Amino acid sequence: MTSTMAVLLPKGERSPRAMAWGRFARNPLAMAGALALLLVVGLAVFVPILFTIDPNAIDLKAVRQPPSSAHPLGTDSSGRDVLSRLVSGAQVSLSVGFAAAAIAVCVGALVGAIAGWFGGKTDAIVSRVIDVFLSVPTVLVVIVVAGILGPSVPMLVGIIAGLAWPASARIARGVVLGLKEQEFIQAAKVSGSRSGFIIRRHLLPGVLPPVTVAATLLVSEAILLESALSFLGAGVRPPQASWGNMLTEAQSLTVLSSMPWLWLPPGIMIALTVLCAMAVGDGIRDAIDPKRNT
Amino acid sequence: MGSLASRLASSVLVFVMIAMGLFLLVRLAPGDPVDMMIPPETVGADREAYVEAMRDRLGLDQPLPTQFALWFGALLRGDLGYSYANGQPVGQLLFDRLGPTLLLTGTALVVGLLIAIPIGVLTAVRRDTPADYGITSVSVLAIAVPSFFLAMLAIYVFSLQLRVLPSSGMHSSGRTDLPDLLAHMLLPVGILALAIAAPFIRYVRSGMLEELSKDYVRAVVAKGASPSRTLIHAFRNSLISLVTVLALYIPVVLAGAVVLEQVFSWPGMGQLAISSLTTRDYPVIIGFGLYVAALVLISNLVADMLYSVVDPRVRVGR
Amino acid sequence: MTAQALLEIEGLCVGVGKANESLRILRDVSLDVDKGELVGVVGESGSGKSMTALSILGLLPPALDITDGAIMFDGSELTSVSSAEMRRIRGMRISMIFQDPMTTLDPVMRVGKQIEEAYLIHHPRHSRQVARARAARVLGLVGVPDVARRMRQYPHEWSGGMRQRAVIAMALVNEPELVIADEPTTALDATIQAQVLEVLRTAQRDLGVAIMLITHDLGVVAQYADRVVVMYAGQVVESATTEELFADSRHPYTAALIESRPGRAVPGSTLSAIPGQPPSLAELPPGCPFAARCQAPFKSERCFTEETVLAPSRDGRLSACHFRDVSGVFA
């Protein structure tokens, strides 16, 4: 079957990367996701510069007000403007998400590539570590550590990244193991290239595409983790706004039943941002390898 | 993979290391570790004397490793210290809360799988049809929307607007009957089951798709097998990886339960952990941490064991 | 060829997509298999021989469709038969043996049970004991030693050659009329190859089963086939009895194939290979698909312009070559 297919497909003229970009561009869901994500990021970055309502400004005379011209999304239990808190929360949630994902992916890809390339004992140990780490629930670890040392954002990013790198490592390791057997790598070895060089020039570019997909999915996971932990009080603490801790107020039945402006916007923003990140991740994955079964 | 004994040994080793880590972490935290071990009823001068005696007994002037050994020894005897908040023994507190958490987690797992497996198989078989796209979209949505937000929406709709379900707790006051329990379980178990089912539908789907593309499936069809028989062949093969994924997923399910216990005021371990967080009740938090560590290690061991049971290539090869 | 062949494939066309724009994998393939005879279907990778086999039992991959032609099996038109009827035929009247024995068996089911399953699918009222006895018997027939113990084992405990015997047993357990063997020995060692082929020949002789043996190995065909069908670029280019084909081939491709067998080379000389590559099915040139590589002395302009069709020569030899009447030129 494979030889038949090879004989059927005409030769393409563009580079694989250009073709992948093309495929991504033609994927409506991925493009929509990417656009929306850019919008959210743009909002988080530019709105605070342009409109200066202090998200932490308490106004006890205007507690729990419904949306009005002064406060487009109303005010919370301390009279703070919900919209500006939403934007401020975007900054935090997005930063945590991107930072944790970036660290985890960089560390993971490197470790995975090294383990896969050198094999032997290194690989065995790394694989064991990967297996165990993959089942550790980040939420619970953060709760325990935050309970002892007190919640903090750097700790949050550190723990999320620290527990998420094995996933990228496993992907990178898989790619490297596959590439190791290929002829062009054997040729490089035989012609005397040093391991570091091979890893940098030949292996990492191959590792990059699937790891990028993992990175986008990691961003969405990190955002969900941060929001859940902030909601529980183990993440971002007030007065700093976060989409998660804005939802803590909604635990009161009064708020839940009659003040939708307090809890619907942050929840929707979380879902939206995560959906966009997932759409982009899926889009990249399909762009790289359109023949995938799933 | 290594034999079961060596895996057990390394798990125990990791547990001890985690205990050490938690022990050291507490040393970094504000507060006096001795207070952990003393029942709060003792106050005043009595307490001073007690503290001195305790310090002596705990050997706090002794080197750190000895202190750890003493603490760990107490741990193995079931003595996890006393809660700052109410003076109860931590072990007892956690144990009392274990039941509700197990009930929530266990039921949600079963329900979640009962939903995920048939639907996952369906989407694999009816790949690229409207049904597939619809179900995949819904499950993606369920993954993207945070479970606690979904829970709030559910409470809004079912408890506040429609008034058909209770919004919190495990029982209405005074009642202990089953129907009341079930009514209280419906929302939390439902949301948790959904949170479990959503990713599992994707696992089942991709597992089935992978098996269905394999040669032996084509050979089974060539034997004249009906579609259902063919699916069973493929499913039994996909079970291998599915079962190990499931075992490794259990700690994550617990994490989901913790969040929902908070939203629904469900009296489980998770809710206790969160309240201890706000009150800086270290003994309880550490106890909780140790429970979690044990759970993770046990589920890893179970995953290993299951793998060798379900895959004859591993089992018979010994 | 007798008047009522067991299997008659007539003008079979298979393509990607149903419209006129479809990419043709098989063009106008016609071949017959009579009761009890062994027909060898020969060709390079990509010649369409496997696709032909898969079409018979409706096992084409989802992207491919039969766009034209007929497949007659004992009076039934297989391309238009109901799926229930097709399931009755598969494994019971027509069985298939696939190429890779390492992946054809279900890895989590005991070997014996898989053969019993092949029987029970078509005899649902029979008991497990009957099925087990039948499975044991057919496993003995294909030469599996220590049957009782072996049946309880899993496929990974069997060697490649043994697994292929199990697959053949699975194909024979219901005593079908036709067995399609798609490169049954390609994945096996040379010594095992001979054994497996002998098993097939025994089945043919003792059970009267017709066999359609697909292979790229002319040697196998020479030794075992009653008749030979040669395929190239999705078309049948020649069809003849084994003796006729090897003594006097009527298509330059067949001749070149015969010539390129290592056995025919004079020691010390270079092996003769057919220069060039088979054409891409997406960019088939007009005229004869083999024209570019053909080394025949009588090759002409016609070969590059006029479409080739499988037709009889003046003395009844079936070939697609325009010069099918020219005999014995390339001995």
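Note that the chains take the letters A, B and C in the order they are written out, and that residue 1 is the start of every chain.
Keep in mind that, in the parts below, a contact is a pair of C-beta atoms (placed from the backbone, for glycine too) under 8 Å apart; a residue touches a chain by one contact, two chains touch by 3 or more.
A quick note: this is a predicted structure, and the numbers were derived from the prediction, not measured.
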{"item": "Two chains joined by the most C-beta pairs in contact, as defined above", "value": "A-B"}
{"item": "Relative to subunit B, chain with the most remote C-alpha centre", "value": "C"}
{"item": "Distance from the mean Cα position of subunit B to that of subunit A, given in whole angstrom", "value": "23"}
{"item": "Centre-of-Cα separation between subunit C and subunit B, whole angstrom", "value": "55"}
{"item": "Chain centre separation (subunit A, subunit C; CA means) in Å", "value": "52"}
{"item": "Touching two or more other chains - residues of subunit C", "value": "none"}
{"item": "Complex contacts: residues of subunit A adjacent to subunit B", "value": "131-132, 134-141, 143-150, 220, 224, 227-228, 231-234, 244, 247, 250-251, 253, 256-257, 263, 267, 270-271, 274-275, 278, 293-294"}
{"item": "Residue ranges of subunit B touching subunit C (in the complex, touch as defined)", "value": "214-216, 218-226, 229, 233, 236-237, 240, 311-313, 316-317"}
{"item": "Complex contacts: residues of subunit C adjacent to subunit B", "value": "57, 59, 87-92, 95-96, 98, 100, 103-109, 117-118, 121-122, 153-154, 156-157, 167, 170"}
{"item": "Interfacial residue positions of subunit B with respect to subunit A in the complex", "value": "14, 22, 25-26, 28-29, 140-141, 143-149, 152-153, 155-156, 160, 167, 202, 205-206, 209-210, 213, 248-252, 254-255, 258-259, 262-263, 273-274, 276-278, 280-282, 285-286, 288-289, 292, 296, 299-300, 303"}
